[in-house]
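Take a look at the structures listed below.
What follows is subunit A paired twice: with subunit B in the first complex and subunit C in the second.
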Partner chain A sequence: MSNSSKSALECRNVTVKFGDVTALSEVSASFAPGQIHAVVGQNGAGKTTFARVAAGLVQPTSGAVNVMGQDIRTGQVSESRAAGVELVHQSFAMPPSFTVAETMEFGATGKGGVFSRRGLIEKWRAHLAGLDVQVDLNRRIRDLPIETQQGIEIARALVTDARVLILDEPTAVLSPAGIDMLFARVRRLKERGVTVILILHKIREVLGIADTVTVLRGGRKVEGPLPVAEVSGERLANLIVGEAVAKTLDRQDRDALVGTKAPAHEDADQQAHASGPAILSMKAISTKPDSGGIALDGVDLEIRPGEIVGIAGVEGNGQKTLVRAISALADLEGGTIDLSGHDVTRQPLAMRRKIGLRIIPFERNVEGLSLTSSLWQNWSARELLQGSLLKGIRPAAIREACDRSLKAWSVHYNNSGQRAGSLSGGNAQKVILAREIDPDAKLIIAAQPTRGLDIGATAFVWQALRQARDRGAAILLISSDLDELFDISDRVVVMLSGRLNGEFHAPFDIGLVGAAMTGAAAGASA
Partner chain B sequence: MKDSLITVVRSLIFVIFALILCALVFQLAGYNAPVLLWAVLDGAFLRSGAIEQSLRWALPLFITAVGVGISFRAGFFNIGAQGQFYVGAICAAFAAEAVKGGPAFLVIPTLLLAGMLGGALWALWPGLLRLRSGTDEVITTLMGNFMAGLLLVYVTSGPLKDPSGSGQQASSRPLDPAYRISDSLGLSPTIIVIAVVVGILMWLLVNRTAFGVLASLAGRNGTMVEWQGARLWKLGLSSFLVSGALAGLAGTIEFMGPNGRIASGFLPAHGFTAILIALVANLSVLGTAVAAVFFGGLASAALYLPIMAGLPSAAIDIINAAIALFITARSTFIDRVLRLGGRKT
Partner chain C sequence: MNEIIISILRSGTPLIYVTLAGVIAQRAGVWNLGLEGLMIIGACATILGIMLTKSVGAAILIAILACVLASVLLWFVIDRLKANPIIAGLGLTGLGIGGTALAIQSIFGSQATVTAPFGIPKLGPAFGSYGVLSVAVAAMPFVVFAMWVLLRRTRFGLRLAACGEHPFAARSVGANPSRMRLAALSIGGVLCAIGGAELAAGSLQFFAQGMTAGRGFMAFAAVIFGAAHPVGATFAALFFAIVGAIGIRAQLTFGDRIPHDLLQALPYLATVFGVWLSGKLRGGAKAASSFAELRDQ
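And then the complex of A and B:
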């Protein structure tokens, strides 16, 4: 153990168990003051749990947390705050209808009392300006771009003069330009003497910003904190993935999975896949604002058999509405949708599914599965809906077919009668794949299909999509992870404010795609 | 099969909890709890003729409760069984006037059908309101119960009024004995056959059709089924209609069987007991049969206690209430304590 009195934050033998699940196991790490530290690992490695222990949100089963040489009481947010540790969550927790000034006042102190609008603005203007957050304090949170929201979250965390600031996956929601802004902000915090701990999962970002890196895998610390200068991207990739899994991965996939370098797609025969008339053809599709998000505004999109088209974009730019429009769940205002040569503009989803539409929806646990229903019921829903409602079924036969299918998709489960909610995220997603990717699938919508999955499961999903593509299916992949998009897409289309803003072919240029995502260079490189 | 067995056993645990609580209340109220509980058991199942009497109550309750289970499974909290039961009986009574004098083998099925249509009608409008404009079906079906109750008062003291009635309770003209499906004791082969057929058909619907699986998925997660391309309103409305039709059928059986007429405010707790039965059975059809016999036994004991044992029939209300309490608590507190399995893989 290093000298604890010199650490800004030190965890000693921290173990966290949630029921039977061990989220963290004997993790010890000490972070030097005034530096930028990265904590990396794949989904499920325990990164977020680690952050939450440090912030006092999770009571560890055993172990100690030490801030600036003082052991603090664990599992108490107030203790961690008093010691100067602040956490900015992955999903922001600001009331969307509050103005910036109100958010600062009530989010920071949590106290009530009499206030005037002008007084609040005066009070917080200097603080925000000092942290380089340029914003009108009268605007409401919901109207602000995501980068600014994040800036306000950070400013809010620093109100109490935090000495250790933990940012949980701050880059996940940002465009490449937004990430650059964030990193600049983090560097300035370092200059002010704040110790910053960044939870990240892309090596590229670690190497670009951090002074040290700590790797978690399966709830254990594998290595670190290591000085970033002494560790190669290659080594880091293997530490994150684990030697055993690394061997099974295609090199390009592995690099995409851990974000080793600026992503580029180097699949020589990628143009050879697409052939024949379009399977999906959307012409000038506009919708009303939808429960899933903003309206579509004149979207033209064609996907041909044997092609994976990736949709890039900062979340909330109409991706959900696009999926809902193709699935007949959004209200169209104009335009036409053809599926396999049939005009389905006015056809319900059941009809579109009959033609070969398959959907891996955004929300696995809400739209994809009924968690309290059995696996076989979840698995059979698509086929049961093809026939008449009063058609007789033999559950035993369905369960056998379900067993065969789930085994073929290497789902780990006990029996097909168990609840879908008892599966891990990766296994649950495989159940959806088993249902949605069948020989009759012509157009497969894969909406954030790997979100929250560990590396093995992610590679599995990619493989499944590629195989379906190679069989001649058309695939629409929506993802907020550019590495993922660039690795497996044949073509990438960027969405911005409900429109398509540029189309890109391999080799992909992250700069150009990133610019299109923020509208910096509309329509560039079409 | 194994699942529904576990369910019944689990529910039994709750019933035992409820009985323990009741024993405590009885004891505190100055009764000898073991004697009282024994009398309940005696009145329900042991004394001669008790089983017949219990089945007389159990069969109509079973039919209504199976229907309640169908709508609950689909995620619709149709608590309007009582109203659907009344409207079914009213429609059958009107139909009886209309086809008076016809041959029994035609009239009897016609009346049964009319009752089912009436019950389905009384489920249709809350179903449509819920599915077309999102109106909470708990409110509408509950209001429907009161409306049906008042409708019953109106028809028994108006259009269908029996002029020779005693005046104590308004009631309709009696049904021609040729069309009765049981005597006033209320158990007959016809009623048994109807209940068995309903049981088999509903078991098949729930366990052996696509509808059963999809409705159950829709009840647990409507969004997921929508993303599969199902039309939720179709699943929901048909579940509503089936449950209404079955409550209406039960009302018709009471009218054509033991009662032989409809009277204002008759069997006012039928629908609510049926809901309780469906919940105790955890919505399984087989479980509903078992639970219906149990509650039928309690109903039979309620009549027996004051007359034969000199004990208050309110004891049965207390037992019912205690069971309702424990069954409602099951889904939250107690179930968490008793939870079996549920491991992550």
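And then the complex of A and C:
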């Protein structure tokens, strides 16, 4: 390889197949040392697989990985680490019960031996301080805020003398302020001579930090590494989405999907939708602390028919508990919940669903579907739970209705008897939509409804939520993606530490919403 | 008073060794319900080994070999054949209880108690009234300490815990969770062998069918009660032994007034109470990890 000596990391013709699925196809890319490289693409484009091949976590079906001019054995984490390649995972890979010092040590290489608690802290204090991670080394990972956890995960990746640091979607979990902090940290690493590869999916982030950009789509490299100075946001957007899909998308949706610019909501008539008395009315709701997440503390929330209310916030600030409280799964300490004028504070979920509560849950594959059950069983769960337990069912009739519904929602499937686990993420989510968005739906909770979906499926989900709103349903959208929230919400409410910290109306100001997410400034705007 | 302490140490020591085996497996992410089976294999192999080789050292080596083999079998079934660890562990327990009975039957032609000519050496008169205890009892605190160092104060211990709690994190620093589980189960096999040996040849010198009588499960309960911490679980096991000793005392004192079955049930009731209490205090054992693989993206 003539130019391999110039590359910090080079992949040649890397192909990865998981069973019948090709995650990466003949990807070749070479990253120059000492720069910040961005790798972008929509969900399912193969970005994470690419990062894991470089880190040795995934064994490619074919192809080679070259670090600093040396081919390394693929599929071996220890090989990649020895060559100086480290990976920071999107959902951090640190045991939650470990202390900070233990987290540093467990990933360290070199001399080990017996340590003492104090010795361990001495050993790693300077390392963390050198990376500007201010933290008590005795704290446990699970007790730390997400920004600190990310700093620790980066420090963990740098315990060896890493020369290539790959960060897999590091911005996805951060508030706008946290993203600024991360980028400052990445620039300092660059100054120290570390080659940084950032997996991103927002164009404005790419333009803001990277020296080069590489675009993946459908497991193939479309372009790159291109110098960022030479590409426009417009061109990148089309490269990521693909010309064919780009034509079908509403322009504003496309910009939100790829994060071209600072998100804004330009839909002028959005306030016209909301009308009539509130469908959901929560007054001073507090929950008892439990293991399911942070407790709610005096939450007041009203949603009227025909509006989409977005919940913004860094993950883990009570969004899950909010959904559990509305769906009767959390123990209330105080407050009342009204649904469509009925006091349901003490009513079970089945009763609430009867009134018109529908839930698109956080975990599609755990809470949303039974992956080992058939499509028609999954689809019919809503109605079956409403009737008497002893009511007979006629599978043939249900399957027929299910087929009609799934076709209407353009789910791609073979027959309604196939297991739900055999569908792709986007199709699986459509099955949930087909079940949860029916004419009787009055309040639809959509919890991270587009997480992990590709651009086409994401746009489909947004369209479905908008249509339900236009029909008069109230929608509560929980998302960690501000572009998504700003694009389709009529109102955005920020959650922080189990409380509502400010309410915002269009046009949304990312600075103000971001400040509310971190508690930098309290209070609401217009 | 000495008498009570001696009886606690006698009944507690085998339990503690087996508990430590459970602890290391638990930390690596395996709910080892095969402890009962491993313990009885250890007990049986020790007695047969003494009769065969006339040497306690050789007998314990044989027991260790048998228990490590059985543990590797458990690992193979769980890790390679992807069987449910709970069912596989219970299967191993069944294999141990049934297999040892079968071995005795086929060797001696009857299922009677098998008595060995001698057992594990005693501490001797230098230790006063404690001299009747075996050297395995004296070694126990050192083994507990060694396990604490290994699990809580070495990188190996951290990686083992990472494998149990977050296998993906362990893999991403280059650890191999499968190999770590093999190591944990093998070390557990050694400990179960010693526990079984002490049970059969410590203060006693015989093997009887089903002589573990649920101690393996009690050890597992101690693992949960002690949150899979080597010292915590040791104290949990000691607590069960104390309750057992009190039960025996009570039988001698109030045996005529309180039904004797009830007093015999005391350690088991204490176990149930202990597990309930640990759930109350901490929300269960930390390494709830048979399901951790679900998170191994």
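Criterion: the second predicted complex is superposed on the first by the 515 of 526 C-alpha atoms of A that agree within 3 Å, B and C clash if a C-alpha of one lies under 4 Å from a C-alpha of the other, contacts with A are read in each partner's own complex, and residues count from 1 in each chain.
Note that a residue touches a chain if its C-beta (ideal position, glycine included) is under 8 Å from a C-beta of that chain, and two chains touch if they have at least 3 such contacts.
What you see is a predicted model; the values in this text were computed from it and never measured.
Undergrad: Put the two structures on top of each other at subunit A: do subunit B and subunit C fit, or clash?
TA: fit
Undergrad: Quick check on the superposed pair: does A:S78 touch subunit B, subunit C, both, or neither? Answer first, second, both or neither.
TA: The answer is second: A:S78 touches subunit C but not subunit B.
Undergrad: Is it subunit B or subunit C that touches the larger share of residues in subunit A?
TA: Greater contact footprint in residues on subunit A: B.
Undergrad: Taking the superposition on A as described, I'd like to know which of subunit B and subunit C A:I146 touches: first, second, both or neither.
TA: Touch status of A:I146: no partner.
Undergrad: In the superposed arrangement, which partner chain does A:S327 touch: subunit B (first), subunit C (second), both, or neither?
TA: first
Undergrad: With the two complexes superposed on chain A, say which partner A:A401 touches: subunit B (first), subunit C (second), both, or neither.
TA: Once the two structures are laid over each other on A, A:A401 reaches no partner at all.
Undergrad: In the overlaid three-chain picture, which partner chain does A:R352 touch, first (subunit B) or second (subunit C), both, or neither?
TA: first
Undergrad: Can A:S291 be said to touch subunit B (first), subunit C (second), both, or neither?
TA: second
Undergrad: Figure out whether A:M181 sits in contact with subunit B (first) or subunit C (second), or with both, or with neither.
TA: Neither subunit B nor subunit C is touched by A:M181.
Undergrad: For the superposed arrangement, tell me the lowest C-alpha distance between subunit B and subunit C in Å.
TA: Minimum C-alpha separation, subunit B to subunit C: 6 Å.
Undergrad: Based on the A-chain superposition described above, do subunit B and subunit C contact any of the same residues on subunit A, and if so which?
TA: Dual-contact residues (subunit A): none.
Undergrad: Across the complex, what residues on subunit C touch subunit A?
TA: My answer: residues 149, 153-156, 158-159, 161-162, 165-166, 168-174, 283, 286, 297.
Undergrad: Looking at the complex, which residues from subunit A come into contact with subunit C?
TA: 55-57, 76-78, 81, 87, 89, 91, 93-98, 102, 105-109, 112-116, 291
Undergrad: Where on subunit A is subunit B touching in the complex?
TA: The touching residues are 20-21, 327, 329, 348-353, 359, 361, 363, 366-373, 377-378, 380-382, 384-385, 387-395, 412-414, 417, 419, 422-424, 427.
Undergrad: Can you name the residues of subunit B that touch subunit A in the complex?
TA: Going by the criterion above, the answer is residues 3, 204, 207-214, 216-217, 220-221, 223-231, 234-235, 238, 342-345.
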